[in-house]
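Down below are the structures I want you to see.
In the two complexes below, chain A is the common chain; its partner is chain B in one and chain C in the other.
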Partner chain A sequence: MALQLISANHAAGMAATMAGNANRSARGFCAGLYPITPSTECMEYLCVQELLKGQVVRVESEHSAMGVCIGAAASGARTFTTTSSNGLAYMAENVYVAALMRLPVVMVAANRALGPPWNLWADHGDSLMLRDSGWVQLYCADNQEVFDSVLMAYRIAEDRRVLLPVMVCQEGFILSHSMVETEVSSQEEVDLYLPPLDLPHRLRDDARTMGGVDTPAVTEAHRAQHHEAMSQVFEVYREAQEEFEAKFGRRPPDLLVPYKMDDAEVVLISMGTISSTVDHIVDEARSRGVKVGSIRVRGYRPFPELQLKEMLGGIGRVGVLDRDISLGFGGVLWGEVRGVAAPGAISQGYILGVGGGDVRPKHIEAVLKDLLERDSAEAPIVMETNL
Partner chain B sequence: MSKSDIKGSFKVPLELRVHGRGGQGGVTLAKLIATLYSGLGLHVQTFGDYGSERAGAPIRAYTRVDETTVTNRNKVYNPDHLIVLDPGLLGPSVLDGTSSGALLLINTTEEGAEVAKRYPMLRVGVIDATSIARKHGIGTASVVIINTTLAGAYARLLGIPMEVVSEAYEKVGLAGDLAAAKEAYDSVEIFEAIESGEEASGGVEEYVLGSFPAILPLTGHVSERFAPVCTGDWRTQTPHYLFHEAPCNGECPAGNDVVGFIQTLKEDGVDAAAQRLLATQPFPSVCGRVCPAPCIGSCSRRLYDGAVNIRGLERWIGDNAEFPPIEKAENPEPKRIAIVGGGPAGLAAAFEAARAGHSATIYEANEAPGGVLRYGIPEYRLPGEVLDREVGRLRELGVKVVSSTVVNSEKLIELSAGNDAVIIAAGLGRLADLGFGELSGVEQGIAFLRAVKSGEKINLSEEDVVVVGGGNTAVDCARTALRLGAARVTLLYRRGREEMPAIDDEVADAIEEGVRLELYSQPVQAEGAGAISALEVAEVELYDYDETGRRRPVVTDRRRKIPCTRLFMALGQTPEAGLMPDVWQVEGERMLSGGAPLNVWLAGDLLTGAGTVAHAIGDGRRVAALALESNVAREEKPEVTPDGVRADFFESRPPMAEKHLQVADRLSSFAEVSEGITGPEEAERCFSCGTCTACDTCLYSCPEGVISRDGESYNIDGEFCKGCGICVAECPRMAMNMSGLESGRQ
Partner chain C sequence: MSVMSECPTRQILNPGNSNCGGCGATSGLSLLSRAMEERKIQIVIPACCSAVAAGLFPNSVYGVPALLTTFAATASGATGLSVVARLNGEDTRVVCWAGDGGTYDIGMATLSAAAERNEDILYICYDNEIYGNTGGQRSSATPHGATTTNTPPGGKVEVKKDIMEIMAAHRVPYAATVSIAHHEDAIRKMRYALDQRGFRFLHLLSPCPTGWKSEPSQGVELVRLAVRSGLFPLIEIFDGKRRVVNVEPDFSNDALAKYLHLQRRFRKSGIEPEALAPEIEEHWSALRAKVKCFEEV
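== the complex of A and B ==
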């Protein structure tokens, strides 16, 4: 274990490399890669690593990058890719393929707004676009979480009860390019945490078709199985967390991260780095006597609905902060949360930090003030944070 | 000093903001500083403010330091420490959010005290990091990277010992820059805050939910418009139009503007092209036939799809243009100039003198001027009427020719006395010889050619003709002999085909017509009683290179005998002795008498021995200009380099072949063999190396759209040009270049 001052992009690249090397006694490692800001540095990091078994394949597009992962995963390799924004959109067809073929690919998505007009900065809209693709989605709030989540992602993806791809999401620049001291595990530790991958349905010497044609009845069954595998993630995640703590001596956060929720009457719910700014305001408001708490949603798919329902209990004021917008509806997270909030609660959606707007304490203050003062929920409020 | 002592010298949490320009290393500076703090056991966070910015654009970078994990993910709005890499950036937005007592470190060449005076509420550090980094060779000459130097100065401001700095540099692999950091550490000037007060600028304002600035909707744009982002002072280099000397122009011994006349032919037609040619020489039809054309040998198109047939184009212009009388300048002080010898050098000297308004008289030993053109080059290569037509141009210009007048040393003295200047362009009269004595049938090739051109009836049928030599005279003799019915013509040359000085096409024509080429062969003995009957020939081997760049021939004792009834020697010429008065000496191209310069100059082969018509023309003009104290040299330009021309820009198109007579028709007469090219289309193939043709490539390739047409040329908007150099790289013909800018930012 060593503390290094690195960006989250490098942290992700390091974790993927070690996870790949941990599979050296099995079918090795393969990364299909194509560069796009802000995930490029993660790719660059991987491209200069000496892999013990396997290789990095640089291709001509994101679609092919995932194609490489699909092929390699189908042959039993541990696989990785990283992309962002329009790259993810271009990759989308194969993103579905990986999931529907039940291949444990791990991807780090550096969240960035989709264009045009072009915008390079943080926005959860790109990975949320693939919310329904059948991938497990984890959203990180700091660099350490990115490193740890990549390792955990393989544990979860490759578990026989799951066998699904996992997308680890980190906000572009805010995480991808920020350098913070990060605890970097050793290869020996990672070897102990990630056993060699033995994919049950991998291609061996028996020639057969993967992903052929399904009749309606078979598709119905496959979807039900896929959905069921998703529901297994909660249990598998807990086990992966326990095991992680035992091996590495630190515990990655839960799928839902509550803060000062015990006696909360008002709650602010968010994903990613905005949550840390929210917590500053929770502290500040509590010092004024406001009984406010916060929840960070780290596991977005599968959606931890039951746990969230339990945490929200009878809370009457729920503010949901989305760094994304489902155009014609409102915040994507808000859409899911308001179905879980107590009947009659005010569930107000706030859309802020879209396209990389710098969400500062004053913005959260304004959100809390609005939430406390209102009599009923209204249409989601879109905010401009660079003012 | 312990780590905790050091930590006592500043308060945490602290926030730092770096202002720099893309490419200066500001983000790395913030990281380096974070490493310094991390080395003290503090928690840090560091990041850049990334955007789609190019080199030179203002950027910001940030570092946060705390005793515990940093969870704030915002940018820094109220910096405790501010580092400015470029004083050009200093302004209200840079100081935004700073409070009284904050630290400001500036990289500038300005006097420290002057800088500090402007920020009385701040603690100010001043350092000329650019000079230090440049001195230590960090970065490149145009982009000096100053971050590692500045971090040294910053450490000093904080009271961090140099050992901690060294440790941090080692850790991030920048130990090589430590010397610069140390120099900055030692030399930074520090000025304490002298006033205190409220926030220097900025402040905390309340945020109003749902307020938006007036931003034009995407559907509201009625035209595509670029945001006006001036880049002028960010760039480190700038493009401009700079014409270069094309290789063909550089190679032309006559000084022709080759690119100029070809482009004029293309753009403005044949008459305009003729005018362009007349600016340098009056004999396009002659040169277009007999020049060895080094221009073609150097043509940039040569290695692409074949050189442009420049000689063919010159001939086409000479033969097809309507030549107006050559313009003669009004000269208020006309001089009298006498020219000895009416060969190409003499004619060119007369042309130059007469055109400049002087009175020029040529003294010619033969009946008519022209020299080798008239008496040496066979009719089938240069018809007499072509020569007469072009020489006629000089007569129209007022050049007087005194024919059948041999100039000797007495006459020279007389000419020198009676003229303002005398130019001797008498050529080379003494002929080399094989030393075979007085056998009949052994002749000088020049004399043979002259006899044929003078109309003498010579019949060579049944004769075994051998010509010795590798130059144009040798080839001319061989081909002339064939036309006079020789049974067999053999050309002996002691080196290889590559080394033959004759025009390559002429050699090819000779072989095609039936001349047998025997290379690496040297005649050593002639046989025969009274008349030659056979020749003993030795095989030659080539050894090391001599001073002329050719391999030295060595005669071996491997011999053979070949039949030979006529032997023509074409072995080169040297100056005739006895022309100059004994008391004269030569210095360069000028004659002296008793050390004092005379008004007599040498020109042409007599001076240079170059042996081609084009060299003679160029030299005649040059010496005339010297004698008349004028100048014929073109403006000097940098040369086009092979990698400066982008052949792939041009469509491949093979050279236009010249039309030749059938071999059978050639041998039955002295009719001109080549009819030249059939039209001016060959001009389209010229790349116009080094000279803009207004092809718009620069305009199309500019990613900023800052190049615009301006009549026949272009304008580059320096305010918006970012200095990327794409226009220069894309220019197919090297008519532009980039030049570095001294940093205008200080």
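== the complex of A and C ==
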């Protein structure tokens, strides 16, 4: 273990490299890689590593990056890719396939708005576009979480109760390019945390076909199994957390991260880096006697509905902050949360920071003020933070 | 011993599959089964007729390990399989089996990239000159004069893309055309391609009675006529340079006329041998020039 001043992109690259090397006694490691801002530095990092039993493939598109991962994973290797924004959209078809074939691929998505018109900055809309693709999705709030989540992702993805791909999401530039002191584990520690991958359904020498034709009845059965595997993630995640703490001496956050929720009468719910600004405002408001708390949603798929319901209890004012917008509807996270809040609760959606808009304390203050003053919820409010 | 007498112990495509009668893909995979002998093979198939032919889960007609990918992911999926096989010291041959739509059109970028990287895979395009699986629409492999479900009333105006020269331009170690009417030549090439390292490409003209509106029993004869007339040159290209012509056509008007008349897809355009002859001549004169250019001194 060593403290290093690194970006989240490099943190992700380091974690993926060590995870790949940890599979050297099994089928090895393969990464299909293609550059796109702001995930590029992660792929560049991987492309200059000396892998113990592994190979990177410098492909011509994100579609092929995932195609390579699918082929390599089908052959039993540990696999990795990273992308952003339009790259994720271009990759989307194969993103689904990795999940439908139950391949434990791990991807780091550096969240960025889609274009054109081009925008390079943070927006959760790209990975949320694939929320129904059958991948586990984790959203990070800092660089350490990115490093740790990549290692955890393999643990979860490769668990026989799960066997699903995992997408680790980190906001472009805010995390991807910010240099922060990060605890970087050693290869020896990672070796102890990640056992060699033995994918039960990989292609071997016998005549097995992966990806044949499903009738409606078989598709129904496959989706039910896939959905059930998703529900197993909660338990597997807890185990992966505990094992992580035992091996590395630090504990990655829960799927839901509550802050001052014990006596909260008002709650602000968000994902990713906005949460730390929210927590700052929670402290300020509490000093004025406002009983407000916050919840960060780190695990978005599977959605921790029961845990969230328990945390929300009878709270009557729920503000949901989305760095994304489902056009013609509102915030994607808000759409999920409002069904979980107590009956009769005011569940107000706020959309802020889309396209990398700089979300500052004053914006969260405005959200809280609005939430405290209103008599009922209305249509989601789209805030323009850069005005 | 003639290859004709060899009976494969393993079939890539087992009997009882759902291919149409007279499908060129059936013949092609039968030839490949004979070529592979005891070699270990993994096959990668994109969305196409051969994917549907796999049959209903959990059954499969494929007698070798098969990965069915998305339409444009044949060469990328195969890359992943091949990389991991080599990492583990396995001599498994990863074989792509893709139609013309998945090769000439939607999969072209993926194919080109895998060829440029010289991935250790054998890519076989079974070219039926049509999007067969969706009911017979034009692809960039559909020849001039053929009618499809989405060509203008007079048939396709554009000329078929020259896939062999495209692959040659990638300087891949080996590229060859394969005829289901010339078994010895086909199996020799398949075996050679299976045993080479790096990117290998085979182009197989694959009759589609459904789309070509021809008799299922005439498929082999149609390919023979395509070879005889010069429409489908049987060639090999080494490293994108040295070219070998394996079968000399007779360039006869008779062969070309028969080829056209045995298929109703050319009827609406009314295209005649005289209209195609200049295209064939031009193609062959360019081919001969390249053969000469790279001839070993």
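We adopt the following convention: the second predicted complex is superposed on the first by the 387 of 387 C-alpha atoms of A that agree within 3 Å, B and C clash if a C-alpha of one lies under 4 Å from a C-alpha of the other, contacts with A are read in each partner's own complex, and residues count from 1 in each chain.
As a working rule, a residue touches a chain if its C-beta (ideal position, glycine included) is under 8 Å from a C-beta of that chain, and two chains touch if they have at least 3 such contacts.
The shown structure was predicted, so the numbers you read here are calculated from the model rather than taken from an experiment.
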When chain B and chain C are modelled together on chain A, clash or fit: fit
Touched partner set for A:192, first chain B, second chain C, both or neither: neither
First (chain B), second (chain C), both or neither touched by A:215: second
First, second, both or neither for A:276, with chain B first and chain C second: first
Vertex chain A, arms to chain B and chain C (CA centres, degrees, nearest 10): 60
First, second, both or neither for A:114, with chain B first and chain C second: neither
A:370 touches, of chain B and chain C: first, second, both or neither? first
Which superposed partner A:177 touches (first chain B, second chain C, both, neither): first
Touched partner set for A:360, first chain B, second chain C, both or neither: first
When both partners are placed on the shared chain, which of chain B and chain C touches more of chain A: C
Smallest distance from any CA atom of chain C to any CA atom of chain B, in Å, after fitting: 16
Doubly contacted chain A residues - partners chain C and chain B: none
Of chain A, residues touching chain C in the complex: 27-28, 30, 32, 53-55, 57-61, 63-77, 79, 93-94, 97, 203-215, 218
Chain B-facing residues of chain A, complex: 5, 38, 117-118, 120-121, 142, 173-174, 177-181, 273-274, 276-277, 279-280, 358-363, 365-367, 369-370, 381-384, 387
In the complex, chain C residues that touch chain A: 40, 42, 44, 51-52, 54-60, 62-70, 72-73, 75-85, 87-88, 92, 109-110, 112-113, 116-117
Complex contact set, residues of chain B against chain A: 31, 34-35, 38, 43-48, 50-52, 70-75, 77, 204, 206-213, 218
